[in-house]
Structure formats: C-alpha cells, structure tokens
Amino acid sequence: MSVRSVVEYDDASAAVRAVFDDIKRTRQVADVNNFWKYLARDPATLKRTWQSVKEIMAPGALDALTKEMLYLAVSVSNGCAYCIASHGAAARKAGMTDEMLGELMAVVGMANETNRLANGYRVPIDPAFEE
Amino acid sequence: MSVRSVVEYDDASAAVRAVFDDIKRTRQVADVNNFWKYLARDPATLKRTWQSVKEIMAPGALDALTKEMLYLAVSVSNGCAYCIASHGAAARKAGMTDEMLGELMAVVGMANETNRLANGYRVPIDPAFEE
Amino acid sequence: MSVRSVVEYDDASAAVRAVFDDIKRTRQVADVNNFWKYLARDPATLKRTWQSVKEIMAPGALDALTKEMLYLAVSVSNGCAYCIASHGAAARKAGMTDEMLGELMAVVGMANETNRLANGYRVPIDPAFEE
Amino acid sequence: MSVRSVVEYDDASAAVRAVFDDIKRTRQVADVNNFWKYLARDPATLKRTWQSVKEIMAPGALDALTKEMLYLAVSVSNGCAYCIASHGAAARKAGMTDEMLGELMAVVGMANETNRLANGYRVPIDPAFEE
Amino acid sequence: MSVRSVVEYDDASAAVRAVFDDIKRTRQVADVNNFWKYLARDPATLKRTWQSVKEIMAPGALDALTKEMLYLAVSVSNGCAYCIASHGAAARKAGMTDEMLGELMAVVGMANETNRLANGYRVPIDPAFEE
Amino acid sequence: MSVRSVVEYDDASAAVRAVFDDIKRTRQVADVNNFWKYLARDPATLKRTWQSVKEIMAPGALDALTKEMLYLAVSVSNGCAYCIASHGAAARKAGMTDEMLGELMAVVGMANETNRLANGYRVPIDPAFEE
C-alpha cells in the first residue's frame, strides 16, 4: 500500500465500514473526514481511536462546546495543522463564535508564554497550590 | 543577584509594588504567587505580563472558568509543573469540579494522541474545513 | 544566497562533494536527499551531522530497522513532516511492514496521551523504578 | 478530594478494583504503579486508558521489547520524567540492556537535532518519499 | 467570517488601522505581514500583541540582531514554519549572515539533542549551578 | 548498572577519562558537570556529543556569549530544567547580565506566544520572505 493511500468506504472491509457507519450516524454527517480514512489503514487503531473519541467527547460534566475548545486549544499549542482545521470546524459547529475563537487563541498564546517564563525562572510551586 | 533569588514585597521597588498591589486587589488575595515574585527580577516583563494576563483572563465571550480550563489544558499538554499547579488551583477556585478536571485531562490526552496520528499519517486537510 | 537555495553536486565544493559521495556510497543511492542538499549550505554542519547519523544509525546492540523505527517515532511525535517522510521511507526500506507501522503509530499516540496524564496529575515516581 | 490524593486498592470502588486486578494479573505484579492510582480518581479514564494500553502493548507485528523502547523514546523526547522512569523500567524488564538504552538515547537525541535542522531550513519533501 | 479570511487595510476599522500604521512607521515598511492581517480578526489581541512585540524587540541590554536570532532559534525549535520565514527575514535584515544562520541552526539542533539526553538520563542539577 | 548510577573519573575507562580531561582542559574547570558523568555510561555517545558541542560552541561568526544565550533560549523553550541551569550558568560566565537574561526570557516567552498565534490562524507565508 502506498504511504499516502486512503481507505474509501466502497473499498473498506466490513470492520472498517462498521466504524465509518457509526461515525456518520453519531455525527450526522454524509461522509467521514480524511483523518478516519487514513486511520482505516490500521483497523484496530481506527476502531479503538473512534471508541475513545466518542466516549471522551460526549457531553458530561463539560458540555460539547467546551470539550471541542479544549481539543482545539491543545491542537493549536501543538501546531497540528490538520487538527486545528478539523477541531476548529467542530468547535464552530458546536457554537464557537469568532469572538470566542479570538479569546481562546489569546489564552493559548499567553499560556505558552508564561509556561516558558515559569520554566525559565524554575519557579518553585507555592505550598498553597498543593492543598 | 543569585539565580534563585526572589523579590518579596518589602524589598521591592515602587514599580514592582504597584504591580503586586494590582494583582492582590484584582484577585482578592493576601500575597502574590511565586511566579510574580520571580518575574519581579525583571520589572518591565512583570508589568507587561500582568497587564496581558489581566486583560486576557477577564470574562468576555468566554467566562472565567472556561478560560482557566483552557490555560490548564495547554499547561498540562506542555508539561509545565508550576503552571499545572497554579492554574489547576485557579480553575478549581473558579468552579472546576473533580469530574470536570477528569474530563479535561481525558480531552488533553486524546488530543495529544490524535495530533500525532494526524501528523504521522500526514493527513491532508479536508476542503470542507476551509469554508 | 537565497533562503530557499539548495546545493547540487555539480555546484558543490570539494568538501561538500566528499560528504555527498560518502552518503551515496554508504546508503547505495544514486543521489542524496533534499535534507543534505539544504544542509550543504553550511559545510561544517553537513559533515558533522552526517558523521553522527552514520555512526548512530549503524547496527549495534539495536538493528537498523529498530533504529529507523525509533527515529520515525520521535519524528512523528515532534510533527516534523520532512523527517516523517524520509525516515518512514528508510524504515520501510529496512523492512517495516504496514502492520508494523500501524503498531508504531499506536504506541506513539498512546505515549503522547499518557505522558500528558502523568504530567497533568503530577504523578510521583515509584521508588521501585529507581532501583 | 485533594489535588495530590491517590486511590489505594483498599479504598477503591469495585470498578476501580476490577481494573487494578486486571493490571496485576496481566503484568504479574503485586501492586499497580502510581500512574494507575492517580488515574483512578477518574474511573472512566482509568478503564479506557488501561484497555488501550493493554491492547496496544500486546505483542503483534512488533514484539514487546520494541514497543516498550518506542514508548520510552517518545517519553524521553517529550521530557516526561515519570514516563521515562516507568517505561525505562518496563523496557529493561522486557530485555533492554545498557547498550541498547545507550543506542536508543543516541537515536532520540539525533532525531531531535535533525528534526530542527529540517524544520529550520524548511526542506521540501523529496518526491521519492511519496511513492 | 470565513476561517481563512484576512483583514486588509482598506477594510479595517479605525482601531486596526491605528495598529497597522504604527507597525509600518516603526518598521519602515509599506505594508504589514500576513501575521498582522490575520491577527486583525481580533483587534484586542492585535493591539496587545503588537505593543508587546514592539516593547520586547526594541534594543536594550541585547541588540536587535541578537533578539531576532533568539526569536528565530525558538521558532526553529518549535517548528513554526511561518515564524521561521518571518523572523529569518527579520534577522537577515538586522544583519544575520549565512554563516551566522548556519551557526545558529547548529546550536538549536545541538540544544535539542542534549535537552533530550539530559531528560532521558534524568541528570540531577549540579549544586554549583544554583549559586 | 543502576539506572541512576554515574561515572566518576576514578572509576572511568581510559576512553572516558580522555574525554573528561579534554572537557576540563577546554573549559578550564576542576571537574566535569553531572551531564557528562551520566553520559559516560555510553562512551561512544559521550565522545561524539562532546566533540559536537566543542565544535559548535567555539566562537565563529557568532561569539561565545551569543551561542550560550541561543542554547539557553532553546532549553527554556523546551523546559529542560537541567539545561536551563547548566547553560544559564555558562551564559552568565560568558558575560550575560541579569538585564540580558530578562530580555532573553521576554523574547522566548513572546516567540512561544506568536508561534501559536501563527499556527492557530494558519497564516500563509508572505512571498516576500522567500526571496
């Protein structure tokens, strides 16, 4: 299989199709994203990853929008272009406005700045934080 | 000045004291955290960092709790122990429960996993994400 | 020299050609990869980097395939697209199958996830690990 | 619950005990590591993480030692002290010698160096790598 | 607003134009870079970021060239392609030669290598460094 | 050998002693740092790493102080506590003042912030940067 080949629904095994079907049903979409088509090269990882994402991203103590924004914040911080695009789209779909995106980006930028200042000065943890 | 020395209020210049006073007033705390005491070694950076943090973390399109959780998520992802402790404490103060922390951590972990899967398979961005 | 210029064999100095020749001979390839052509802008770094890579990647206590997979795993984790492509190709040449790549990617993804969980909960090191 | 509290077997819920028991049985150990005791604060994440780790780390196309070394390489690259200690111990248990560790560390160091050289010179991917 | 839309001067608000004008005046350039045009989607972050960059990058105890090289070194280490291109151009404008770039890249590469060796062997800090 | 064992001069092989002697001579120090004592567990990596560091850190187009500050900036950005301590000490020895350290830290912090803003908005590279 070529390094850049992708698994489309029509060529997929029954196991892969079952995951694709569950993604489409859960998310109410006509087709799965490229991420899942590439992951389908390895059916075990496809299935496990989807099950984990489905469980983790379901609303719980945190609502769906907050979870998508946390996912986006980490992806921006890590510089994963694909994940910024896909979770940016998912967050907007869940209700993130341009103003919310702007504030999210400001927090991510600032956290990355102060993370380095804290590391650089090797600041010891305040005892009060441990209580 | 020793590498590990810290600036306490009583030994601080008027410029540093003004920042410390504003932090204490804004956050309603009796003393500033170690982060600010170490940063006070460089008064210009202390002042600019506090002004930026104050502006960015004020409630806006996102509420204070969401902002603190985004800050914590980035700090966990970057592995900054000090920032995890300080923003973990701030998030709890703003209302984050143990259940919310558990879900935040699960999202951060999963985002770090799928960021690598997307990078590793060099998944091309779906045109639909660009609209 | 333009930022994006590259050094081809025919235009290279004797020092650069000597490195290119050793790479081609060692790897049994007709031409060197873009990485070396860009690095050739700085002959001292070209020479030192090649010598280090040649020494490190030679089979020893670990065989060539394991070393290439470790290199690939780090590159995936760091999100270096060029290195993922080049060391992915090198690993396949050394015998990595699609199944092995799938398992490698799963381990890299999982390690990135649990690295954050361990950092986020600031888990203390078990004394047993230090023995 | 305090930020630094840990869940011991005797105080654990039945759901947590079931996971702890499966870890101890699978790994043939008398007690679980601190990582699992901290993760047990969030039983859903504990269960999902253990199931994923158990599935991913089982020997397949790659043997257990290679998988542990890949895990260790990523943890070293990310600077996760806990994970370096725990997966270092696991890799040694699976057969990693001092010589193998030395070579692993050399590869991780070199990959981190050339990842930056490739990024810094923004080297374009060779067409041959895409085949 | 589309995810990929950019704010050009003619369509900008008075607040955004004021920042763009100050950037052009300070840097003596005819137009601002794409970075500022994208940031202008969020005027508060645009203004704060420019003020911070302007203050931080002004010559002080370190000259402009050294500051640009430090900025470039961090951007190379983080793998931010845009920042490598923009701060690479700024550093060259401030006097960085090809030889200086080559040495900068060598230091960044080496630091990334030894950072991992120090982490991987979990080397304890020498007491002498703390004085 | 225990995971945390270190190689002292008196117990070292002739090959390790030769490297230790060269470090002490080159740096005019009475003993080598912990970094080298841990690295000595793997004599080949010890020798290669020292040769590379010695060559890279020698004054050239960039002076010794600038090189140490670049090394420190990368180490702060990566959060390597050992490297921050050791290269912080080396930079101070080479002439870095408290004011210079303050400005270096401000640049590192800012670069980490704008790296994320550029990634997050996926800003396209200006054609002018490629000339």
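Should a chain be cited, it is by its letter among A, B, C, D, E and F, assigned in written order, with residues numbered from 1 in that chain.
The rule is short, and it goes like this: a residue touches a chain if its C-beta (ideal position, glycine included) is under 8 Å from a C-beta of that chain, and two chains touch if they have at least 3 such contacts.
These numbers were taken from a predicted model, which means no experiment stands behind them.
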Message = Over half shared numbers or under half: where do the identical copies chain D and chain E land at their interface, same or different?
response = same
Request  = Work out the mean Cα position per chain and let me know which chain is farthest from chain A.
outcome  = F
Centroid comparison with chain C (C-alpha atoms), farthest chain = B
Key: Inter-chain centre distance, chain A versus chain F - centres from mean C-alpha coordinates, in Å   = 34
Task = Could you please state the distance in Å, as a whole number, between where the Cα atoms of chain E are centred and where those of chain F are centred?
result = 21
Key: For chain B paired with chain F, centre-to-centre distance based on mean C-alpha positions, whole Å   = 27
Where chain C touches two or more other chains, by residue = 3-4, 41, 44-45, 48-49, 52, 56, 77-81, 85, 88-89, 99, 102-103, 105-106, 108-110, 112-115, 117, 119, 121-122, 129-130
Note = Listed in rising order, chain C residues that touch chain B in their complex are 76-77, 79, 81, 84-85, 105, 108-110, 112-117, 119-122
Query = Can you list the chain C residues touching chain D in their complex?
reply = 4, 33-35, 38-39, 41, 45, 49, 52-53, 56-57, 60-62, 66-67, 69-71, 73-75, 77-78, 80-83, 85-89, 97, 99-100, 102-104, 106-108, 110-115, 117-119, 121-126, 128-130
Interface residues, chain B side, partner chain D - complex = 79, 85, 88-89, 92, 98-99, 101-103, 105-106, 109
Note = In the complex, chain E touches chain B at residues 2-4, 44, 48, 52, 55-56, 129-131
Request  = Would you tell me which residues of chain B are touching chain F in their complex?
outcome  = 1, 3, 41-42, 44-45, 48-49, 78-80
